[in-house]
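In the two assemblies presented below, subunit A is common to both, partnered first by subunit B and then by subunit C.
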Partner chain A sequence: MPTATFRIWRGDITGGKFCDYRTDVAEGMVVLDAIHRVQAEQVPDLAVRWNCKAGKCGSCSAEVNGMPRLMCMTRMNQLPIDAPITVEPMRAFPLIKDLVTDVSSNYRAKQRITPFKPRPPDAADGTWRMAQEDVDRIQEFRKCIECFLCQDVCHVLREHRLHEQFIGPRLLVHVAALEMHPLDIESRAEELRTVHGVGYCNITKCCTKVCPESITITDNAIIPLKERVVDECYDPLTKLFRIFRPARAPEAPG
Partner chain B sequence: MAEYQTHEHDVLVIGAGGAGLRAAIEASAAGVSVGLICKSLLGKAHTVMAEGGVAAALANVDERDGWQVHFADTMRGGQYVNNWRMAELHAKEAPGGVHELEAWGALFDRTSDGRILQRHFGGHKYPRLAHVGDRTGLEMIRTLQDHAIHRGITVYMEHTILTLLEDGERVVGAFGYDSERGFFHLFHARAVVLTTGGIGRAYKITSNSWEYTGDGQALAYHAGAELVDMEFVQFHPTGMVWPPSVCGILVTEGVRGEGGVLRNKEGRRFMFDDIPELYRQQTADSEEEGWRYTQGDRDARRPPELLTRDHVARCIVREIKAGRGSPHGGVYLDISWIKGKLPSAAERIKKKLPSMYHQFKQLADIDITAEPMEVGPTTHYMMGGVRVDAESQMSTTPGLFAAGECAAGLHGANRLGGNSLSDLLVFGKRAGAYAARFATAHGFGQVRTDQVETAARRALAAFDGDGRPGGAESPYRVQHDLQELMQNRVGIVRREDEMVHARDGIARLRERATRVRVEGNRQYNAGWHTALVLDNLLTVSEAITCAALERRESRGAHFREDHPGKDASAGAFNLVVRKGPDDEMQVRRQPIPEMRPDLKRIVEEMK
Partner chain C sequence: MDGANVLGERNFGRTARRDAWWVQPLAVFGVLSAFVVYATWAALQTSYYTFGPYLSPFYSPELFGDSAHAWFGPKPGWWPGWLPWSPALLILWAPGGFRLTCYYYRGAYYKAFWADPPSCAVGEPRRSYWGEASLPLVIQNAHRYFLYLALLFLCVLSYDVWKALWFVDPASGETHFGIGVGTLVLATNVMLLGSYTLGCHSLRHLVGGRIDRLSQAPARLRAYRCASCLNRRHMSWAWASLVAVAFADLYVRLCAMGIWSDWRLF
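Now for the complex of A and B:
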């Protein structure tokens, strides 16, 4: 059986370093399997997150040979094993230990976004009617598994560490899903600009390139949102119109 | 003295899958303070992996459907040892649960007139599963999660509960640790809801993640609550078998619902060879009829691939044992054959089963639109669990509620696909409501410090031995050996001598578990976490084995080679497991109450 060297980041907030571990590589293996093997045989306290092992939960995000990847979907046969394979935590987030980072800022950011609010039901039995095309339009955004790999590569978060000022691509996808939801009646244009920092995004498209769900984050989510912000917040006519629109739900969301 | 942080909530929900989130939302809507705990990050629980759909008799696709039919299907699937009151409530309340999700933003696939579309699934008479492609679970958990975070619920991510705290008979809180730092936490609560999911990790081949170690079942058992139906473990017929690293990962039943067929290496549709009496009238006579059924022909009957999971799993095992399996020890599941029937088959498969397409392409280099998959049974779902009252979901221990996979009753001897996601909605909601009611009517009980001290000491024993003899057992090793034991001896096909062997094996593993030692410190230490769940795994494994030994017949998911027939007298009781006065495990036969006449009539009419 061939073997490979894994150069795994080990450490916590106080510091850390790469350590090398050799392990067997079996047919069909993914990087997460190798990490588990190292854990079971050599480093029992190695910290790593995972759940589904099938690319569905978005837990096992890390940087493999410098690329942000889901470890459970990264096949060993896609990597050259003659050189050490580096596995390190997502660098955009504060480290907890080894491959585990503190991603709680993403959860806090979501809490600041105005939640879904549907129009009144279409039918007497309290249900709605929607066309499949309308549903399909935002399916792309709802596929997001919250792996936060897009957040990891976004320079606003990674280099400038503006986690509290900019919600990042993942949460912009979330806002897009809400804004384009066939039933939703809220408008989030104002908060996108003032609270969520959509202006920080300069459309580099790095996020789109790494999304394991192939969501066209920049073109389909962020750019339309930016346009909406321009239309609603800066277009004087729309603005005027907004003033005369009846006040929305008084019980402002938490 | 152990150091810990104390938190106080009226209702404490342990587990943040669909059931836990639904319970927390309902409890907080009742105006009480709610704490919600999960071992992983929010939104990563098992529910996220559910693929096929959520069963509810909306009658959008076939107006002949209704709660009565759903009720009768659930009872038939469970081989009539279900808690019939739960089956009734479930069938009646599931449509409301699905509509509620829609009101909170969930988007399901639509019918041509704009209502929620429903698909066929095994054991359901009419197309009944609301779905979004094959990622229904993600849609459901994300909707609940996004709704819950705006309700003032306090969420404790990556916290694990080790023990429930009792005050006399009653449960008054829970004690556990956080992964990040390994600190202890005491949660003081007026009512506690267990929504911890399944037990798949007791077996070697499973669709379940590391989290599913039977925690809720074991916590309840040690707190004096009763467990029921523990012999009924569902082995899903179609898990991936190759490559080895993905062995056990689920292949949704939706593949068969969309027209996928099972073949052995001779190319034979072997499911036609053995159709159980109970389902004969509802099963297609020919491949032709089966195909028409999957394409929505209302006069056609379902193909035998869509018989209940227990039966399909056993047929697959039969084929493999008879040497008619595929190269890697499975059978073939083929959806690509529909190319011959539909011009745009490849597109349709990718549209209807996108994550399956993706999963096989990326993990096994197989294009399911062009070639068959290799599949075999995988440990999937626990029908058994905490014994609860049908209306309130309260266990036999006051103040302790349970819902979702870790509770029992609804599914009897076998769960129908799609009935779990609906279970979470219906009984999660009920558990939350009744727990809130209990919390309003009762004060905070007294936490016994000796219980906390013992729990803390036991938790740290893996580091320091706690005075026990040394020895260097690895927690991973012990867990692995238990999984192997359960897989080989208490699996799909069971026999008395093998299970006796397993019971002795579990006792030996229990002894080994006391000698487990872990390295490193308390910070995010996977080895330590593994050591801490061993007791739960051993407890549920023992309960499964004891109950399986006691049920001397074959029924649903429980198949005894030495008692291959169904025994009508055994259909009159459930097996209840509880902790005896000397900490020994007791199993007792609990007669099933007589079904209400109106429900009986429904069952008869639909037979």
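Now for the complex of A and C:
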């Protein structure tokens, strides 16, 4: 059975260092399995957050060989074992211990987003009607498992630490799901520009690259939101057109 | 204290990545630089930009100029004497602006030319960052205005392909329908530029993306789906059309210089 060396970050907010651990690697193993083996056989106090081991809970986010990944979805046979495999916590978030970070800032930022507000019910029984074509577009955003790998790789948060000015890709996906919802009647364009800082995104597409759910974050969520901000804030022609456009009757239920 | 501070700062180019992360930004830097250098050189030549019915896309539309393709006659008298003259300089700012403000190219050249970031999860050279939230990069939001111009250019270039189907017989002076390799080069250029332009993120938004209940606007839903289909390969169309437009100019130029012969297919 081959062995691999794992260079794992050990420490807390007061400091720490990378420590090397050698362990056996069996066929079919993922990085999380190896971390568990190291924890079971060598360092029982190694802190690692995990839950489903199936790529659905978003708990075991870390940086494997420098790239944000879910440890449970990173197969060992995808990694070269001729050199130590680096496993470190997500750099964009405050460290708690070892591989565990505090991602609660994302939940606080989420509370600043204007919540869903539906139009009046379409039917007398208080229900709504939606067409499949209209919900197809936002269905993709529902796949998000909130692993926050996209937040971690985003250089605005990771390198420039602008957590207060920019909500990051995950939460922009959340805003897109609300903004494009066929029942929602709120407009979030102004708050996207001023509060959520969508202008800080410079479209590197790193968030899309690391998403374990393959959500096309940049093209389908962030850029459409940027375009909505342009509609409201930067496009005088669109504003002029809206002023002179004849008032339309309310849309019929879908 | 956050993770980055405890784990140690990552300076420019520092990363734990073990793949060749520098290849892609380097390739973008090389190809875009080569294109800008060639396009600038070609635009300043003011010669060898037409050959028979062919007109280089760098010079189309030729608003003022000495060739038979010029719309409004020769070089205007009001052109400042201190400014180099070229018919291309009158128009190239529009497609150039379209590419410069394109969402795909923005992400690509921010990485390749400004290292912001050099690549995903790689250390940057600067601490400060404004993004596109304030001047000067907030101007990138003018992309849709360049899109409107690019759509006009697409119509003009399509007309150029039509004109490239009609050849004058030097003996009789009569015009005959025909297809040359140059016709195919110009047509391929228009096809690739069309796929790039019609898959633009702004166009996708304008034709339907801004509407939440597209099911009530069937025509716009179809347009949105078409734009989305092209948009999924926007990067590929962007590069293919960039190479095609440069090659179309090169083809016309080398034919006009007598270095290449334009083969008539019929």
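By our rule, the second predicted complex is superposed on the first by the 233 of 254 C-alpha atoms of A that agree within 3 Å, B and C clash if a C-alpha of one lies under 4 Å from a C-alpha of the other, contacts with A are read in each partner's own complex, and residues count from 1 in each chain.
Operating definition for what follows: a contact is a pair of C-beta atoms (placed from the backbone, for glycine too) under 8 Å apart; a residue touches a chain by one contact, two chains touch by 3 or more.
What you see is a predicted model; the values in this text were computed from it and never measured.
A.B. asks: Now for A:89: first (subunit B), second (subunit C), both, or neither, which partner does it touch?
C.D. replies: second
A.B. asks: Check whether A:112 is in contact with subunit B, with subunit C, with both or with neither, and answer first, second, both or neither.
C.D. replies: So A:112 meets neither subunit B nor subunit C here.
A.B. asks: Contact-wise, after the overlay, does A:68 reach subunit B, subunit C, both or neither (first, second, both, neither)?
C.D. replies: A:68 sits against subunit C, while subunit B stays out of touch.
A.B. asks: Taking the superposition as given, does A:184 touch the first partner, subunit B, the second, subunit C, both, or neither?
C.D. replies: Touch partners of A:184: subunit B and subunit C.
A.B. asks: Of the partners subunit B and subunit C, which touch A:131 in the superposed model: first, second, both, neither?
C.D. replies: In the superposition, A:131 contacts both subunit B and subunit C.
A.B. asks: Does subunit B (first) or subunit C (second) touch A:98, or do both, or does neither?
C.D. replies: First partner only, subunit B.
A.B. asks: In the superposed arrangement, which partner chain does A:15 touch: subunit B (first), subunit C (second), both, or neither?
C.D. replies: In the superposition, A:15 touches subunit C alone.
A.B. asks: Per the contact definition in the header, classify A:80: touching subunit B only (first), subunit C only (second), both, or neither.
C.D. replies: Touch partner of A:80: subunit C, not subunit B.
A.B. asks: On the A-aligned overlay, A:52 touches which partner chain: subunit B = first, subunit C = second, or both, or neither?
C.D. replies: first
A.B. asks: Is there a shared patch on subunit A that both subunit B and subunit C touch, and which residues make it up?
C.D. replies: In the superposed arrangement, which is not itself an observed complex, subunit A uses residues 12, 131-132, 181-182, 184, 254 for both subunit B and subunit C.
A.B. asks: Using the touch rule from the top, collect the residues of subunit C that touch subunit A in their complex.
C.D. replies: Residues 1-4, 6-7, 10, 15-18, 103-104, 106-107, 110-111, 116-117, 120-121, 123-124, 127, 129-134, 137-138, 141-145, 201-202, 204-206, 209-210, 212-216, 221, 231-232, 234.
A.B. asks: Show which residues of subunit A lie in contact with subunit B when the two form their complex.
C.D. replies: 12, 26-30, 33, 39-40, 44-59, 73, 75, 96-98, 100, 102-104, 107, 110-111, 115-116, 118, 121, 126-132, 135, 138-139, 142-143, 145-146, 174, 178, 181-184, 253-254
A.B. asks: Going by the contact rule set out above, which residues of subunit A touch subunit C in the complex?
C.D. replies: 9, 11-13, 15-16, 63, 65-68, 80, 83, 86, 88-95, 101, 131-134, 153, 155-156, 158-162, 165-166, 179-182, 184, 193, 197, 199-206, 209-210, 218-219, 223-224, 226-231, 233-235, 237, 251-252, 254
A.B. asks: Using the touch rule from the top, collect the residues of subunit B that touch subunit A in their complex.
C.D. replies: Spelled out, the residues of subunit B in touch with subunit A are 40-46, 48-49, 99, 102-105, 107-110, 113-117, 132-133, 135, 138-139, 142, 146-147, 149-150, 152, 157, 180, 209-211, 242-246, 249-250, 355, 358-359, 362-364, 474-476, 518-521, 523-528.
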